[in-house]
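In the two complexes that follow, subunit A is the common piece, with subunit B as its partner first and subunit C second.
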Partner chain A sequence: MHDFLIIWAHIDLVFTGLINTLILIVLAGVMSILLGLILTPLLVGSNKALATMVQCYVDAMRCVPFLLFVYLIYFGLPTLGLRLSSWTAGALALVLYNTAYMAELLRGAWLELPPSILESGRSFGFTGWGLLRHIMVTPMLIRALPMIGNQLIQILKDSAFLTVIAVKELTHELNGIQSTYFIPFAAFLTALILYWIICILMEMVMGSFEQFAVLRRP
Partner chain B sequence: MHENFQTSDMVLQINGISKKFDEKTVLHDVSLQVKKGETICLLGPSGCGKSTLLRCINWLETPDAGSIHVTGVRMGVRDNGVVKMNDQDLSQMRARIGMVFQSFALWPHLSVLDNVMLSPIHVQKRDKKTVREEAMLLLQKVGLQDHFAQFPAKLSGGQKQRVGIARALAMKPEVLLLDEPTSALDPMLVGEVLSVIQSLAQEQVTMVIVTHEMQFAKQVSTRVVFMDQGHVVETATPDQFFSHPATEKAQKFLTRFHGLNH
Partner chain C sequence: MNAYDYYSILQGAIFTVSLSIVSLVIGVPLGLGFALIRWAKVPFFKDLVQAYVNVIRSCPTVTLVLLIYYALPEFGVSLNPLPAAVLALTLSTTAFNCEIWRSALVEFPKDQLDAAHALGLNRLMRMRLIVFPQIWRSSLPGIFNEITLQIKSTPAVAVIGIVEITRAALRVGSNTYEPLPPFIFALLIYSSIVFVFLKLQKYFEIQMKEKGYI
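Right, the complex of A and B next:
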C-alpha cells in the first residue's frame, strides 16, 4: 500500500499525464477522422493519379511500425531542417499515422453504402463538396462507426509509444515515478487502470453515437 | 443561341440518342418529344433500354450520340456538343428534372421532411422557411404529413416511394422521371403509390414513367412509348396501343402480359 501512497503524493504528475493523453487522443481522433473524410473521396474517385498517391500514403502508414514513424518525425525531420517539440512531433505522428487507417476504413464504408444514395444525390444536383457534406459523410460515418471506435482505442494505445520522445503523457509520467522510487508494480498498475477507465469512457461516448446511428442506418 | 431552341411548349426533346455499354448497344437512335402536361408511359420488356433512357435524360449516363433538350436548353454539353457542361451548370439542369427511383434512394440519415427540403435549400438556394412550408404541403399531398419527423428506415416501401415523389416535386421540376416506381413494392402497397402518380397526371404534371403496370399505363398516360432492344418500336395513344397495337413486337408483348394477368 505504501507504494500507492507515493503515487498519491505525485498525483499532479499523474494528472499531467492523464490530461496530455486525453488531449492527444481527442486531437488525433478528430483530426484523423476529418482528414480521412477528405482523403476517402480521392481514394474512390475517378482521378487515378490522385487515388494512387493517396493509396501509397495509406499503404506506407499501414506497413510502418508506429514507433519507427515517431522516431522518423522527431529525430529524422530535423535533418531536413524541421525541428518540432516532442509534443508537436508526437501529435503529428499520431494524426498522420491514424489518418491513413481512418481513410482506409471510411473507404470501405463508402463502398458498402447502397450506390443509390450517391446516385440520387447526383441526380438532385449535388456535386463535389456539397455531395460529400450533405449526402455522403453521415451515412459513411454511421456505417464505419464500430470500426472508428476500434481505431480510437488503437490511438489511445499508440499514444503510449510517445514516451520514447518524452511526451509527458500517462505512460511517461508513471514511468518517471516508478524509476525515481522504484515502484514498478504500483506505477504501471495505476497507468493500466487509468487506460482502462479512458477506454470505458470512450466506449460510452461511442455508445451514445450508436443511439443516434440506429435510426439513420443506411 | 442556335443550339437552345425553345419550341412552344416542348419540355423534353430527345433526338437520336444512342448508348453503348462495352460492346452492347442499349439505346439505338432513340427520339422522343414530350410536351408540357403530358404523361408518357415507357413500356417494353426488361432490358429494352427504358431505364437507361431515363438515366440519360438527367445525365446519370452519358449518351454516346444524339442530343437532349430540357425546355430548350441542351443537356450535359455546351457549344453545340463540343464542350462538357461544368458541374455548376449540370447541377442546375439536373435540379430541373425530378427523378423517382425504383429503389426509392432516400437519404437514410435525414428525416422525411429533411429529405424533401435538402435539395431546394442547398442546390437551388431557396429560402428555408418557404421551402419548409412547401415541403409540408407536398407531404400532405402524398398523405405523409404526420410522418414528417420519421426516418426512412421506419417507413414501408409505399411510404418511402411517396416521400421519393414529394422529394422530386419539391424541386419544382419541369419534368418528373419515374423509373419503375412500384417494381420494388409489395403488391399490397402498389396502389397507394399509383394513386399519387395518377393525381399528378390529373394536375398535368409532365411525367415520363417507366412501368410494368399495364392497367395503370392505360388509365394514366396521354401517350405510350413501346421500346424493344434499344429501339422505339411504337408510339401511340393508350387506346390505340392497348386495343390495336400496330407492330408485331407490341402485339407479342401485350399477349404475354394478358397471359400473366388472366
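Right, the complex of A and C next:
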C-alpha cells in the first residue's frame, strides 16, 4: 500500500503521461482515419499506378513491427537530413503506421458496400471529392465502425512503444517512477489499470457511435 | 555494415522466430481451453477467463513485459529475461487466441450438437469428432492473423534486454553510426518472415478448398 502512496505523491507525472497518451491516441486516431479516407478511393480507383503505389505503402506498413518503424523514423530520418523531436517523431510514426491499417480496413468496407450507392451518386452528378465526401464517407465509416474501434485500441497499445524514444507517455512516466523508487509492481499495475480505463472509455465512445450506426444500417 | 553485423541481426531473427513459435505453441491450445471454459459456462472460471482476456487485450505488450520482469521478483519469483519474455508473450497471445476460438465456438451450429447428443456421443467424443474438426478450420485465418501480429509484437521484449531483430539492428546502428542500413535489413527480414506465414496460410486454404472442407 505504501508503494501506491509514492505513486500518489507523483500524481503530476502520472497525469502528464496520461494526458500525453490521450493526446497521442486522439491525434493518431483522427489523422489516420482522415488520411485513410483519402487513400481508400486511390486504392480502389481506376488509376493503376497510383493504386499500386498506395498498396505497396500499405503492405510495407503491415509487414513492419511498430517498434522498428519508430526507430526508422527517429534514428533513420536524421540520416536523410530531417531531425525531429521525440514527440513529433512518435506522433508521426503512429499516424503513418496506422493510416495504412485504416486505409486497408476502409477499403474492405468500400468493397462490401452495395455498388448501387456509388452508381446512384454518380448518376446524380457527384464526382471526385464530392462523391467521396457526400456519398461514400458515411456508409463506409458505419460499415467499418467495429474494425475502427479495434484499430483505435491498437493505437493505444502502440503508443506504449514510444517509451523507447523517450516520449513522455504513460508507460514512460511510470517506468521512470518505478526505477527511481524500485516499486515496479505498483507502478506497472497503475499503468495497466489506467490503460484499461482508457480502453473502457474508448469502447463507450464507440458504443455510442454504434447506436448511431445501427439506426442507419440497411 | 560488415558481414558480422548482418550475421548478428540474423541471429536476432532466430530469437524472434523461436520466441513467437514457443509462445504460440503454448498459447493456441491454451486459448482453446479457455474458450471452452467460457463456452461451457463453467461457473466462476468463466468470469475469471473473461476478466483475464479483457485486461490482457487492453494492455500494451511493452507494459506487460515490464510488469512481469520487474514486478514478479517482489513476490519472490525472479525470472531471467528469456522466461519472462516467453511468459509475457504467451499470456498476451493466449488471450487473443481465446477470443478467436470462442468466436468459432459461438457460431457453431447448435443442431449438430443436438444430433450428436441424440446419437449418444459423450462430451469428449462430441468435442473430438464433431466440434473440433470444424472449428479449427474456421479459426485458421484468425490464428494465422494472430501469428503475424505476434511476430510483430516480439520487439516489445527488447525492453528487458533480449536481443531480437529490432534490438540487434539498433545495436549495429549505434556501433556504426549509420542507423539506416541495419533498420532496412531488419525490415527485409521481418517482411520475409511474415511473407512465409502468409504463403503458408494461402497453401492451407487452397488445400482445404481442394478437399472440399470450405
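FYI, the second predicted complex is superposed on the first by the 217 of 218 C-alpha atoms of A that agree within 3 Å, B and C clash if a C-alpha of one lies under 4 Å from a C-alpha of the other, contacts with A are read in each partner's own complex, and residues count from 1 in each chain.
Heads up, the rule we're going with is that contacts are C-beta pairs under 8 Å (C-beta built on N, C-alpha and C of every residue); 3 or more make two chains touch, one makes a residue touch a chain.
Just so you know, these numbers come straight off a predicted model, no measurement behind them.
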item: Room on subunit A for both subunit B and subunit C (clash or fit); value: fit
item: From subunit A, separation angle of subunit B and subunit C (C-alpha centres, steps of 10 degrees); value: 110
item: First, second, both or neither for A:Phe209, with subunit B first and subunit C second; value: neither
item: Partner chain(s) touched by A:Lys157 [first = subunit B, second = subunit C, both, neither]; value: second
item: First, second, both or neither for A:Trp87, with subunit B first and subunit C second; value: neither
item: First, second, both or neither for A:Tyr57, with subunit B first and subunit C second; value: neither
item: Residue contacts on subunit A - larger count, subunit B or subunit C; value: C
item: Subunit B and subunit C, minimum CA distance [Å, superposed model]; value: 26
item: Touching residues (chain side subunit C, partner subunit A) in the complex; value: 54-55, 57-64, 66-67, 70-71, 73-75, 151-156, 158-159, 165-166, 169-170, 173, 178-180, 183, 186-187, 190-191, 194-195
item: Parts of subunit A lying in touch with subunit C, wherever the complex brings them together; value: 60, 62-68, 71-72, 75-76, 79-80, 153, 156-161, 163-164, 171, 175, 178, 184-185, 188-189, 191-192, 195-196, 198-200
item: Partner subunit B, residues of subunit A touching it in the complex; value: 114, 116-117, 119-128, 130, 134-135, 138-139, 142, 215-218
item: Residues of subunit B defined as touching subunit A within the complex; value: 58, 60, 87-88, 90-92, 94-95, 97, 99, 101, 103-110, 118-119, 122-124, 151, 153-154, 167, 171
